[in-house]
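This structure is in structure tokens; I'll ask about it shortly.
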């Protein structure tokens, strides 16, 4: 992922040095298990741990370059690493990796990395959820117009909008937790998963030490449906980010101006037009969401490996495992900051809410008319007539409120007195259940 | 979905008649709840149920056409349906749909349909799992070569191959169960989800009667992350289908011939070449998997609806909800039949296993040499040398077995006697843990 | 594709009857070529044509069902068709399909169908282009605000907006013409494309008669990169549809109201809210665009067939070839009608344009200041200051125009007199190059 | 893109330093055009060029860091760059960027970069085409079995296989040339594309100097359908790479062994199994193809920007423009090397070709029987019978050749003498048209 969209915490998980350190840990743990089982000498396991640990811990850029150099001859990354480690461990190094295959190391390491990445993403989501909850509670009763199809529908509150996003990210968090659980498995089962030359107890030992589950049946590799499900979970979270980002982009439109991304001192919105303050963070998040979604496509194609495995998944994962998690981590953190600092304009919300002459209460009138005995079809026609008349003349000298247009309609006024109409249109009804919904979403707290 | 890939059971879930019947049920239940709450007269709810139920039950092609005709005027599907029902129910029909919005009906109906579709898919998967388990147990100890990169690796059993697919589909089943639970929610919350004109107890009542959960916070619509997660779950299952189909395609290759799709009496493999018997079912499944995966892409784009909703998701879902579930249902059933009737050739499996002169036991020799004191690097080189010599001369008059080439190598024979080598290469080691793995996958049964 | 999004013209291209008629034409033409070359008796070719033509022409639902019935035995569609035809042609039927393979018929037929579909789509685009051009010319000088990031930027004209979409669809049309040319090839080359049993002159003859090019090298099948490129071309056109649909959705927003989809007499916007007039066509087009884009994903996966062919592409194409072209045809026609009938509100455009107190002219002032000697950075700061002051106080009693705020700034008024400022901000400059751009897009006509 | 899959030539195109150098060139050229038109003083343009050129040329890591530092304040990349340049140019810098908007610089720069990337990709394809042509000619007449559905079909030559891939990449090259032409446009038209403050002749001048076409109508940005079409073109080429890589993977299978990737001295195929020689390059290419295809998905979503532009495309392009072109460049070069060094085993090809007892000639016998008067259906049945008998007994003591089984069938021997049968099955017919096809693909050269 390009540096612009990378945070060091997530990048570190995917660095070559981190990868080699995890590889070493897997090999050392496996050796310890084998020593316990008597497969290799106890001194060998000790030597691997004692001489290997500092060597692995010291892996930095120079050591990575050295391993790369060995790989240019062997054309095999795990063998290059083992050779590098053997240089430091000495003859006992021959007991490393006994009966194992490269994928035992690679796939278990990937599981560790993906689990760590998931943990960071889950923490990111917790911060986002906290920000959303705080702003939702702050604006629990801030009236604003609800819009369907981009058209004013009925009033809602800004807090309710945020509660909906909160609930969506809470679901996303649960899916991520499930995906993390699925991906966190350990396979040390040899070339085709038969444990022909490695005892299953080695796998169990390493799994436990690394906090992983045992992969019940592997085929040299951990099956890729697990990874595909993981990337799909990221894609759904990314889509939720896009939904919230799109909301902010709409609210910041010049004609709407109900909310605005924080504009920093010194910030410039446009090289050409000094008057611009643009929702660039939200737009950026929209693009990042597209990227993260896009990575699910090759992840799904990775599932159908040939026989006990082919290595076509590897190049895909070398790119998308870091790229998808780094981009999503960045996006979640950016979104959280954006929500925390979002400037909200309740006065504009009210102004917009009232700008259409009251037609947004049309359903309540429709109900009152049907309750008063008019057929649903006739009621609809009468209310539609009054609403269209109001709408069409908005802002013109002939403009009348929806209420006035309704009362001017004989079929309506025959059934509803002005008082009855006002009761029907009472805006307090719109907010009567906000508490109910908040309880559903946030609990009683 | 084209008829060729459709089964009537799944098609029926998505027929217009089914949809209207569910719509009616939602409206009738909502009316009953409203009557209980006193929002509408009890007689109205009774009239809606008593006169509406037979009318809804009788919806067939002619009635669908009549509703379509009304829609051509109203340009609104739910209103067309309500008008059609009102024609049969009479004046009390005006109490139908009170305070509700179309999406209350549409989205709750979609939840019912998707839950039913999921139930059918889960049943399909159960049948597939049963077939896989039966064949896995049948071939638990049938030796076959495990292949990585398409190259012979080490022996495994055909049962183990199937056990891996079984475990993958079991995970797919769990994801489907989770996705079904997520999708099965009911929203009856009015135009922007505020319950401004409908009591939340109506929603609770309808949800319970339909076996759905209550949607905690809706915004006119049920949030589309639920649906996206559902289609992603289908996509991962489809990818698992492709993996198994690809395995069969490989096994049926002319050079491999280890398994073969059942060839029916009268079947013709090619219009040109009478000798052909092709794995056409597996290839077909490969294509169907691509389709089902492809449907996840627009499903993910559907999440970011504008404000409280826009209707862009609707056209996508009208197509992919039936198409993805119908195609996957068809694919699962086809795959199950294919596995049940798959002709398996153990003799060919053995012949292939033995065709490379024994090089597939190279790891065991490598381990024996390192155990005997040779360094990992030297052991690797010696074994690679012998293996390459064997491989290169395969089938030529100079051909020697891997064993012979090893023994001819002084560095090897210095450390391993022929007996020690035979012990190291004992093929029984390859199958020693089959029971362990079967227990992990299938339990102790 | 579901009937709701299907037009009969495009559906007809993909009907089973059409397919069989094309198959017959290919077989009959091939027989005629073979007769000319002496490969089969001339009477045979005549019998095939004379007895076969009426039989093929009469294929309707009953005949399709009969062919399906044969296929249930042979499990091969082309053989079923040949058997059906042979029933009518008699013994000479054995000279049909001589030396050919099924794909010779299937792929050449698909080429004919895709070319026909492309022709219809190109005609659709011509109608759309005509509609866009007419509305663009109509509103060539209708001022409206240009928006970047959803924020008012500088004035443009509504005609210019449409001209941009026109140019995009013109490019889409060219790509479609190129994709049509690529897809329109004929392969009659036998089981693996070697012409082992069929003369290349047969292929050349059939190609010419069907208006196709000869496929230079086929491998039983016409290579699928051609098809993938075709579906990608559709996907790009669909994305252009989404861009225009999104524009209309924005313009119809309650706060913007600059344009509106035609609202039919009797139309109802919402079952709940009689006041609603929603941009449902544009939203629908947005969803259709997602679908058409989604079909490109499996089309791309179809390219990498195994060896000389596998049949995994077939199930994909049976679905997406009709679905993608039918959906796009429907979308193009819907979009054309929507543009033709779009209600445009120039007064609202002007009102919105003027609603921000003139800050939309900020760049012109920035330029005037730099021309007058102020540094770019200082100019930017001064103009930003005045713009933000204007913006912040919009609609409040303290509100001042951008012009007034500028003149109140001593650093500005030191360099620019009120007259100079008015000259700089002259809105006529915004429209001075409209003619130039129209000439570029529409030519001098 | 990760370093592992990056070549410096392509990386350099996308480096920050390269980008800034192109930005400067655009600004300097625009200033020169403005000076000629009298919009800015001639000395200003000279100062920009004379002082700016060395400053731009010297941009390295330190300067990039300095620009990043400015951007942290302005939160705008182009303004940061202009500020950096102004520090070196002095007061005349205020005449830089006059009447332009950031996108004029950004999008024109992206066009230059994408055109350069396309040029490199086209050169890569030329090298690949040369390699394919050389190997195709080398193996023009090397017999090998053609396979459909993975099953032996009829003989072909290895050269013909390669000729098909050559033709596909030639089409890919043409699409890339078309996509390059489409993407190579220059827009310098100001904030909403109206040229309100910049003369169209500036755009024309810069376009010509940079070898770009003028964008006929821009809207602040160059329309993104151009970019989407570009990434689709890459995706189709990537799919072609996968097709060829898949072919090699199949040919290297242990059971097939007809071709093999070059195995370097010192190379190790597996950490566990010294005998392994895996087609890892081809598998790697398969994965890279998935990646490049995946990037087309967000590119298509980028088209539907809001109004005159939103910036959601930017984050996508910052990632996929380098990633897709770098990955494809790497893949093309890797594929070329793999083809050049591919080890081909004609003896294995012949052995495989002959391994099925001659059934691969079934079509020729079918034709001979129909020519001799048997009906197509009866001929098919007789040939199928003989082929299945041959196939089933392959390698068993009862095994008979297809020829013998045919002659043992009375209905066949009644019509065909042994000599007639041998004539019919003459393998020379399979290769008779190789010249024809080669002429079609490679011309007469």
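A, B, C and D are the chain letters, set down in written order, and residue numbers restart from 1 in every chain.
We take it that a contact is a pair of C-beta atoms (placed from the backbone, for glycine too) under 8 Å apart; a residue touches a chain by one contact, two chains touch by 3 or more.
For clarity, every value in this text was computed on a predicted model and none was experimentally measured.
*Asks:* Along touching chains only, what is the step distance from chain B to chain C?
*Replies:* The least step count works out to 1.
*Asks:* For the interfaces B-D and C-D, which has the higher count of C-beta pairs in contact?
*Replies:* C-D
*Asks:* How far is the middle of chain C from the middle of chain D, if each middle is the mean of its Cα atoms, in Å?
*Replies:* Taking the average C-alpha coordinate of chain C and of chain D, the gap between them is 24 Å.
*Asks:* For chain B and chain D, let me know how many angstrom lie between their CA-based centres, rounded off.
*Replies:* 32
*Asks:* Among the residues of chain C, which are close enough to touch at least two other chains?
*Replies:* Each of 82, 97, 99, 101, 147-150, 153-154, 190-191, 197, 249-250, 268-270, 272-273, 278, 280, 283, 286, 293, 297, 301, 306, 310-311, 363 in chain C touches at least two other chains.
*Asks:* Could you please specify the touching residues of chain D with respect to chain C in the complex?
*Replies:* 82-83, 86, 91, 93-99, 101, 146-150, 153-156, 160-161, 163-164, 167-168, 171-172, 175, 178, 182, 190-197, 200, 214, 216-220, 223-226, 228-229, 232-233, 235-236, 239-240, 242-243, 245-247, 250, 286, 289, 293, 296-297, 300-301, 303-311, 363-364, 367, 370-371, 374-377, 379, 429-434, 436-437, 440-441
*Asks:* What residues of chain D sit close enough to touch chain B in their complex?
*Replies:* It is residues 145, 147-154, 249-250, 252-256, 268-270, 272-280, 283, 297, 301, 351-352, 355-356, 359-360, 362-363, 366, 380-381, 383-384, 387-388, 390-391, 395, 402 of chain D that touch chain B.
*Asks:* Can you check the complex and tell me which residues of chain D touch chain A?
*Replies:* 1-2, 4-5, 73-76, 78-79, 82, 97, 99-102, 190-191, 197, 249, 264, 266-273, 278, 280, 283-284, 286-288, 290-291, 293-295, 297-298, 301-302, 306, 310-316, 318-320, 322-323, 327
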